[in-house]
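Order as written gives the chain letters A, B, C and D; numbering starts at 1 within each chain.
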């Protein structure tokens, strides 16, 4: 808390900033926001005192081991655990039969349903409903749940199959290898493992699918007994023709094969007819696991009728209802503790089903503490994945580089449980990123017996940049247009429109629009920092066996939702407690957005305490901490809360000292009379609020608050002056963040080994609220995108349906030596007009921009036509170059 | 000794057979050698009664038309035998030398010898079916009188009843064992050709299920080690002094007229001259 | 050295460890790793288990000043050696070690699950190379994985840490 | 039932203080004993619960197994000398830079601080089917899961495969073969010295082990003769990530130059066969020729004769060629950056 306080508080806009027509948006200046400071959790982290889920201990704690399914798909016929349970020191078993019935959709606003629509939800969405999916910086990804809105097939006459049942923590029908079947609690993990070795489970083998395209072969097995393709919340069986599969076998994607999802905008035939250049390619992206460094370990016990669970989750407030449902209790019976989360990247948005296991085991053991340590191998199985793509893309361009049409077909490897929908998100984002006047998307979401898909930081957004950006780059090279120029030409600006519609949508239906967009500014600033013009000389420059290339790309993603709550208590000791329902997963947003209240009410930061991470402490309802929505949502909510606090302060002053509230203001000491001196210290104001009661001490709160916020307010009423509010600020459009990424690479053409020499990322993130954290998000997200392009993958043996890449050295997240030693970043700092603070999220847009820039730089170095799949392994380049530029690898095979 | 077969967990966690225990190799080897010692000891006291020389003299006088040397194994049959012997020895050596500690890259020699064995056996089946007297080496209920008589002779009694035809009963029982074991190793061995890299078939290691493959390997192993004992016994008999005339016939093709009459029932095995025409 | 039943090399379970300058008497299983002993027997949960397989670095501690993966060291093998974990880095009065101080000032790391390991790896590396270039530093602490990929900021902090450590 | 991972089974632990004690323990416990040096390979087997030895013999307390000393212009390196020590040792760097470079590029700093050179060369195959505990040939079963039509075998062998297609994963092993190193192995009271070439064995000879080391054997030292000290050396490792990755292919070469021509050479690639694959034909053919492009091209073609690619690893053929060319041309490449 060592930031310099500016002597004068700048004017805070009290309503969303709306630049007058023609007026250029200007950077907003704040006392606290926009300045580096030290987050209050950092000393605990750096001294090892910060407690993550597996760091908690309790008297008599026992340990759980899980029995993973050995088969990719099977039915459990019988379980004989008698020998295991007879062992001394073995305390209990939990099977699928011990789990409660399916929970109702969690939360007053069903988190999953609200957040599961693909980015760019088509019009028709009820106005004012929370923004579509988003994922958090450092922990991104939207929750995965049936996504019936966009991308789903249009209604058909045939009877709709029933929705697929949800996923549980333990199962009698494992649908992927490693899915937990039962849990054993014992005095030690070792003993629990020995016990599981003695359990006899009889399985009935069921058919399975690893490579989605193999699941399309006529007569091939389906990944689920209900079918092989997810259609909305249901499944059906779709098989391609023998002719289609002959193309697949020949390494060509069958572009005219059957799709279950179609979305369009404009007229692609017309668009391609207008094109001077058409570029098309088959393409593939791999499935990758999230691999947060902290696995989803959990520790639980029951005390005084309440279930206490230490968990690793991204969004604490949004995890309560989900976990309560999985455990089969009411949210108020649950105490959820997650002060520190070791990364999630979308895989822990509302925690995860497995959290229920230690809780239910503990219940069986009369409340005895139970620790479930999830190993890295287990995390690789149950820790979720980003779905891979196989497909094709075709884009039309005018001579000047203007995009006339985009057509794409994407098969998504969705995992066994639900339609993930990344593919439709990618397509929707393409309409935003490239502003194509005509576009068509066709897709399939195929069930694979591989780890369940979910949102991974920029779900669909990373893939969008990887899918489309290289095509734009190839076109620019063919047309002889500068790479930055072609992106500027096609970039969205202002309140750009975007989105695709289901076929047969009546014409004239309004499209989505963004609340702000400064992509061109990002490109210009990035080109300047990167030295684009000067570096063009490096393009194709050969030194010995090394060739250099430069590339640029953009990334876009949702960057904000609305309608959440804020809560703070000014205590009689003069301290301001700021309560945050969002989790602390490393993005610092739990603290960064709390500072908005201090900023608005002029409370010195030294006087503030941020309360988070434990539902027993009374926390307000929050956004899911995903989809880059936190910063926007909680700067708005805490702006409203800060305004509420300030309003109450001035009202109290007016009551005590006469006049109207408008005649009072606050400064660092407390409430002042405008033009006069200090009237109420912070401490005194708190005392007065307690005396006044009613709305001032939290006894009365607005009805519009979420039930969770109301419960928190009730717990804290009478402790001081309470500021509490729901974000009711208006918003027209959807909030998106944007990035430009610039990269230079060097490729060894003899070995195919390549490295990145330079990376610059420039963000359109609105107001920068914490520069150090923003840099971390731009680079951290960027490197995750680079990992996708460079090395990360998931490998499966198709015969046994077994995961082979269970170790980090197999699935290869990027190391500190896989990136340049120095990276650069900047932000354009133009405020979003729908947020009084002006801030937007950036955790996701950063991912795709870096991935695309690196891919484009590689193609710039070695030529188009070589890279058709990610990750770009050395042999892909080396073999192709040794082979006259013809790729030698299998273009469409997945999970290799 | 441990278990006679080894089990493993398949990738799906099922218990599947993988191999026989190599202890069984030692068992077979020791068994073969014990038989050798036991039989050798027994032969010291054996009262085996062959045809009286006076009777042989009489028979010889009766059968003046017989050639001096009677063809027992034609050239083709002898070629087959030695090719098979060569391949069998190669198979056994390549299979079992590594187990006794002589390590070398054996697989290629093993499957090549296996192909030779398979080819020779297939030829033999055709040859025996269409050229040789197929049933002369077979064993069946009709052999019971011979068995009884031979047992009596073994204890020194000149029993009536049939004398061996071309092949003595022990010989034929041995052949039967070799047929069973040989066909088993050949069938399982041919399947295994889909497991290893030979260039002859399009490999498909997943042609059978894990458990069927396990059985295949165990059968191959069991029959393979069985051959250790069988081959020891065979070589032993071939080298026994009183059987050397048979061994020589497998080299030179013929036995003397006198050996023919001493050991065989001329009615059950009508002698051939070396030219192959029936005589007598 | 434990010498039970008179057999050379035999090991006793009850041993004394030198952890963060303290002599800790602890009952250690034969198959117990240092990370487990620190975390579950000595309450030092700052040493994290990210992979438990020597491929993430979250469990890095110093053994006689050398960075080692505590997940892949048998506790019995560090008897008589000086073990330092993240909890033992700050001075008893709470003054942070220069490396810790640099992290705090630079707001390094995000989720920070990897942080104790990175800090210990840096402390160990700076003992062998107190004035590294940025590239040398990156190599020196390359045995630690950060999934938030805050590598740039980590290197920024650790370069400052090197300066601070030399000054200290 | 299915494998449970990440809970080590109990074992008896011995921590002998001398080689003699260690050999005594090994002798007493025979095949039940597992020798552990740095443990970087050991812990995987134990934590995966695939190997459950009754006895673990930790060599960490045996001081006489550590250290690097001069041996008539060559070096004798104790088997449990850490890779960091090897990489930083001035004598190693001066005489055998390719060994220093190979040691420096192994895995990660912490692994090099603990992993030993003896352990690095005698580590087991990293084939992910074998390491998954599947009953393959190498594990005593009757199949190679990596050599099936559907197997994912990008990292597997192109040379000398015999049923098993696993490769030797070591970085220091090819360097030591290229230096004509010898390995000192003790067993009971006996000692034998095995040339590098015979130390590593392929699946044809013994499909269940990568080296001649048998239960009861103790690798005590590595002797590098003076032969290649100060000669021209080349080492390069191609891998996906710059840390924690095994080589897709690596190459170690030592060349004795007589003026501008090569008078003798050792050239070894690893990651292509179950043993470090020595390019005999190349070594013979480049004698008496200059280190130029023509020699490199000729050698590259010779190097890959007899290569048999699998479905996903045909790239190793051009990669071996590229590395052989570079080793002959001797261009400095980014090795560790």
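One rule holds in what follows: a contact is a pair of C-beta atoms (placed from the backbone, for glycine too) under 8 Å apart; a residue touches a chain by one contact, two chains touch by 3 or more.
Treat the numbers as computed from the prediction; the structure is a model and nothing was measured.
Peer 1: Using the touch rule from the top, work out which pair, A-D or B-D, shares more C-beta pairs.
Peer 2: By the number of C-beta pairs in contact, the winner is A-D.
Peer 1: Using CA atom averages as chain centres, what separation in Å is found between subunit A and subunit D?
Peer 2: Chain centres of subunit A and subunit D, defined by C-alpha means, are spaced 42 Å apart.
Peer 1: For subunit B and subunit D, what's the span in angstrom between their mean Cα positions?
Peer 2: Here the centre of subunit D sits 47 Å away from the centre of subunit B.
Peer 1: Can you check how far apart subunit A and subunit C are, centre to centre, with Cα atoms defining each centre and the answer in Å?
Peer 2: Computed value for the inter-centroid distance: 32 Å.
Peer 1: Between subunit B and subunit C, what is the gap in Å from one C-alpha centre to the other?
Peer 2: Computed from C-alpha means, the inter-chain centre distance equals 70 Å.
Peer 1: Which residues belonging to subunit C are in contact with no fewer than two other chains?
Peer 2: 31, 52-53, 55, 135, 139, 141-142
Peer 1: Got the subunit D residues that touch at least 2 other chains?
Peer 2: Each of 1-3, 6, 8-10, 132, 145, 148, 150, 242-244, 337 in subunit D touches at least two other chains.
Peer 1: Among all residues of subunit A, which ones touch two or more of the remaining chains?
Peer 2: Each of 70, 190, 375-376, 797, 799-800, 802, 808-809, 814-817 in subunit A touches at least two other chains.
Peer 1: Spell out all pairs of chains that touch, sorted by label.
Peer 2: Here the touching pairs of chains are A-B, A-C, A-D, B-D, C-D.
Peer 1: Considering the complex alone, what residue numbers of subunit B touch subunit D?
Peer 2: It is residues 6, 8-13, 16, 18-19, 98, 103-108, 195-197, 203-206, 213-214, 217 of subunit B that touch subunit D.
Peer 1: Within the complex, which stretch of subunit C touches subunit A?
Peer 2: It comes out as residues 31, 39-40, 43-53, 55-56, 58, 85-87, 89-90, 96, 100, 103-107, 109-116, 119, 134-135, 138-139, 141-142, 144-155.
Peer 1: Write out the stretch or stretches of subunit A touching subunit D in their complex.
Peer 2: 65, 67-70, 188-190, 192-194, 196-197, 199-201, 375-378, 544-545, 748, 750-753, 755, 790-791, 795-800, 802, 804-806, 808-810, 812, 814-818, 871, 873-875, 878-879, 882, 888-890, 895-896
Peer 1: Give the list of subunit D residues in touch with subunit B in this complex.
Peer 2: Its residues touching subunit B are 1-3, 132-135, 139-145, 147-150, 161-163, 201-202, 204-206, 308.
Peer 1: Going by the contact rule at the top, pick out the subunit A residues touching subunit C in the complex.
Peer 2: Residue positions touching the partner: 36-39, 42-43, 45-52, 54-55, 57, 138-139, 190, 291-295, 340-343, 345, 373, 375-376, 585-588, 770, 772-773, 775-776, 779-784, 787, 807-809, 813-817, 819, 821-823.
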